[in-house]
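You will see two complexes here that share subunit A, one where it goes with subunit B and one where it goes with subunit C.
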Partner chain A sequence: MFIIVGERINTSRKNVREAVSNRDKTYIQQDVEKQQDSGANYIDVNAGARIGHEAEDMQWLIKVIREVVKIPLCFDSPDPNILKMAYDLVDEPPMINSISLEKERLNRMLPFLKGKNCKIVALCMDDAGLPTSAQDVIDRAEKLVCSLEDIGMQRDAIFIDPLIQPVSTNTSNALTVLDAVQGIMRKFPGVHTICGLSNISYGLPQRKIINRSFLSLLMASGLDAAILDPLDLNLMAVLRTTEMLLGKDDFCARYLKGVRAGKIQA
Partner chain B sequence: MFIIVGERINTSRKNVREAVSNRDKTYIQQDVEKQQDSGANYIDVNAGARIGHEAEDMQWLIKVIREVVKIPLCFDSPDPNILKMAYDLVDEPPMINSISLEKERLNRMLPFLKGKNCKIVALCMDDAGLPTSAQDVIDRAEKLVCSLEDIGMQRDAIFIDPLIQPVSTNTSNALTVLDAVQGIMRKFPGVHTICGLSNISYGLPQRKIINRSFLSLLMASGLDAAILDPLDLNLMAVLRTTEMLLGKDDFCARYLKGVRAGKIQA
Partner chain C sequence: MFDLEQMINTLIEGDESNLITLVRAALDQGMDAKRILNDGLIAGMDIVGAKMENDELFIPEVLMAAKAMSAGVEILKPFLSADDMGNRGIVVIGTVKGDLHDIGKNLVAMMLESAGLEVHNLGADVSPNQFLEVIKEKKAGMLCLSALLTTTMPMMKETIDAVTKKGLRKTIKIMVGGAPVTQNFADEIGADGYAPDAGSAVKLAKELLQLGSQKI
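Our next item is the complex of A and B:
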């Protein structure tokens, strides 16, 4: 089953930032309940936007979110100290977002992850920057998988993010990611692939329409997880129909359930 | 570039049937002008619904459509006599829809097609009925390609239709077609593949949403033509975004043109 990481609790979004700043528990709790009801498997929590407040904001968010939802959280920070702090606050195995091949981050994250019960988002980023070809993505994925397996992590816990670059700057950028996802899923059976979709449409108008078609294409290439807004009905309709068309919805059950709930409509 | 066959002039549609019955030239001409403006490369003409009137209806439709559009027509009939009659009425090389492996149809169509300047839609249907697996589709496509090449047709003139069966009756039906299209495009370079989309969603609610996602998936598998409604803005938006994401829209030009024309919008 496709794994949905609900992206809405991110202090870079104005409403969330204000709610966090005002400690508006109701706003946050209603939002995450809706995400859970809409099919989110994880709630991403990113408290990075209020400079100097990340630790306390993250702590508060974890507390109020856990009061209302059962699904696990995904801690989203480039700072290993924040991730460690967050990990210790929960019982259900969380997703950690993220590790990368950047030396400093890798060297701080690997010892922390060793022996931990969690999922890990692994970005195909290294100190040279973004990957430059599908093969480059696959090579980086291999290094990430090896590093994580070396410290005892299971493949099922590893979510490789190939990193999407905008199609507006190079019309082959989408194909590169599609090829990379297919390559990773073939070469490392058991590993997951995950994306944030929206970077693909950066610089173009009507971005949501592009993001939607890209989700179908990514799923056809084998992508089995995404960080997205589960309240975006059009995007979720694409997800459920694509899942069904790819033979991953027995008896069309999830699709029909979505239609009956009024969540899949023209 | 993806080839669009506009499907609207079909007497199985009530409005078209009435317009044909009343010889309402304006209705038909406005419709086909809109299809051409929306990006249709061919106008499909199907006059099969008024029993006993197919020949005269087809003749009238061809005449009134050719008065207003420049793009070629696609003659859509199971009856070789109708197709022959229609072929003789036009100068621009038309698309002929269709031939199949059904013995009687094949034996009547091949001699007619020999030496003609036209495109041909070739259905993967034989006297045993519909294909039962992706390999079966590919085997049938091979027979069609061989038969058509034997009478001197070029691959670029051949549009193989793998025949879509509803995902509601078997959840692997979409995957079968996706695999078949990929197989055909690999095995017979230069050949086109074409589908009518809507059969995939037969028996399910909210069919258009399913058809849209299926178009993206088919294009990712290599499908390069479809019989569809070019006035369906949501479907066309999926087509243009998918084309762009698959690296087939230089400088995102067709996408941006569609947005500026107000044809691609959320």
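Our next item is the complex of A and C:
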């Protein structure tokens, strides 16, 4: 089944930032309950936007979120120290977002991840920057899978992020990712692919229609996880419908349930 | 007299082949190359930048216009003196050390160049020393810093501090940008300005360099 990481608890969003700085527990708790009810499998927690407060904000968010939801969390920070701190605060295996091939980050994260029970988002980013072709993405994915398997991580725990670049700056950017996802899923059976969807539509109007269309294409290419807003009804409707079309919804049960609940409308 | 209005509109539409025809026609009719550059191409890109800021034009359209613009400039180059080309604001731009994002920064660089500035784009992951070297070598009047990660934002401050330490702060304007960057942060670290998008970056750069409406 497609894995949904709910993206809403991110302090770069104004309402969340205000709620965090006012320690408004109710706002955060209502939001994550809604995400859980809408089908999120993980709650992404990004506390990076208030510079100098990331550690305390992350700690507080973890505490108040865990009071109300049962689903695991996804710790979202480029800072290994924050990720380590967050990991120690939870019991259920979290998702760690993220590592990359950037040497400093990789060298600090691998020893920490060894023997840990968690999922890991691995970005196809290295010290040279963003990947430049589908093959480049696949080569980087291979290095990530090897490094992580070397320290004993299971394939099923690895979520490769091919890194989406805006279609507005280069019209082949979407195709590159589709080819890369297909290549990764074929070459490393059992591994997951994940992405932050909305990068694709940067710089264009009516972004949501682009995000929705792209999600469907990505799923057809084998993508099986995404960081997205589970409260976006239209996006979720496309997701559930596409799952059904790809033969991953026995007897169309989830689709029909969604229609009856008013969540899927033509 | 040749109609520059039509050239400007053709540029805004990103119609490269027609723009080339019009630039050639203007030269054939004896119009000064510098005037074509300033009142035609650069004036057109100013409008493109403003329209981008207002969400009337979008990135692909801006890229198309910039591509048409540089094709036009290529035709003008043989007719422009070193003085016409040299007497411009000089900008050094890059993404700070530890940060590899450069899509937005490249867009800003391209827009600044289209606005007639001399732009030295140092790429991503640029150390304070690398910035300093190029600033000195090119005698730059402006430094543009980009950061896309909250973890690399402090490197903007380090870079600015390095410029100050070298005694160059008084002779250079510093502009910062990138998704997590805010006006508050720009003020805190002692930058001269912050721009949220490429269109406003051009406007701000011209203001800071006091190029305003005056011709480059």
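Keep in mind that, in the parts below, the second predicted complex is superposed on the first by the 265 of 266 C-alpha atoms of A that agree within 3 Å, B and C clash if a C-alpha of one lies under 4 Å from a C-alpha of the other, contacts with A are read in each partner's own complex, and residues count from 1 in each chain.
Criterion: contacts are C-beta pairs under 8 Å (C-beta built on N, C-alpha and C of every residue); 3 or more make two chains touch, one makes a residue touch a chain.
Every value quoted in this text rests on a predicted model; they were computed, and no experiment measured them.
Superposition note: with subunit A as the common reference, subunit B and subunit C can be accommodated side by side. Legend: residue contacts after superposition of the two complexes on their common chain; A:24 is shown touching neither subunit B nor subunit C.
After overlaying the two complexes on the shared chain, residue contacts for A:142 are found with neither subunit B nor subunit C.
Between subunit B and subunit C, it is B that contacts the larger number of residues in subunit A. By the touch criterion defined above, A:210 lies against subunit B but remains apart from subunit C after alignment on the C-alpha atoms of chain A. With both structures placed on the common chain, the touch criterion links A:266 to subunit B but leaves subunit C unconnected.
When the two structures are aligned on the shared chain, A:12 is found in touch with subunit C, with no touch to subunit B. Once chain A of one complex is fitted onto chain A of the other, the partner contacts of A:249 are limited to subunit B, with no touch recorded for subunit C.
Of the two partner chains, subunit B and subunit C are each touched by A:168. Nearest C-alpha atoms belonging to subunit B and subunit C sit 6 Å apart in the superposition, given in whole angstrom. Overlap of the subunit B and subunit C interfaces on subunit A comprises residues 168, 171, 204-205. Contact residues on subunit B toward subunit A in their complex (touch as defined above): 167-168, 171-172, 174-175, 178, 200, 204-206, 208-210, 212-214, 216-217, 220-221, 234, 237-238, 241-242, 244-247, 249-252, 255-256, 259, 264-266.
Remark: subunit C residues 55, 58-60, 63, 100-103, 107, 124-125, 149-151, 153-154, 179-180, 185 touch subunit A in the complex. Subunit A contributes residues 12, 48-49, 51, 54, 78-79, 102, 125, 127-130, 165-166, 168-169, 171, 202-205 to its touches with subunit C in the complex.
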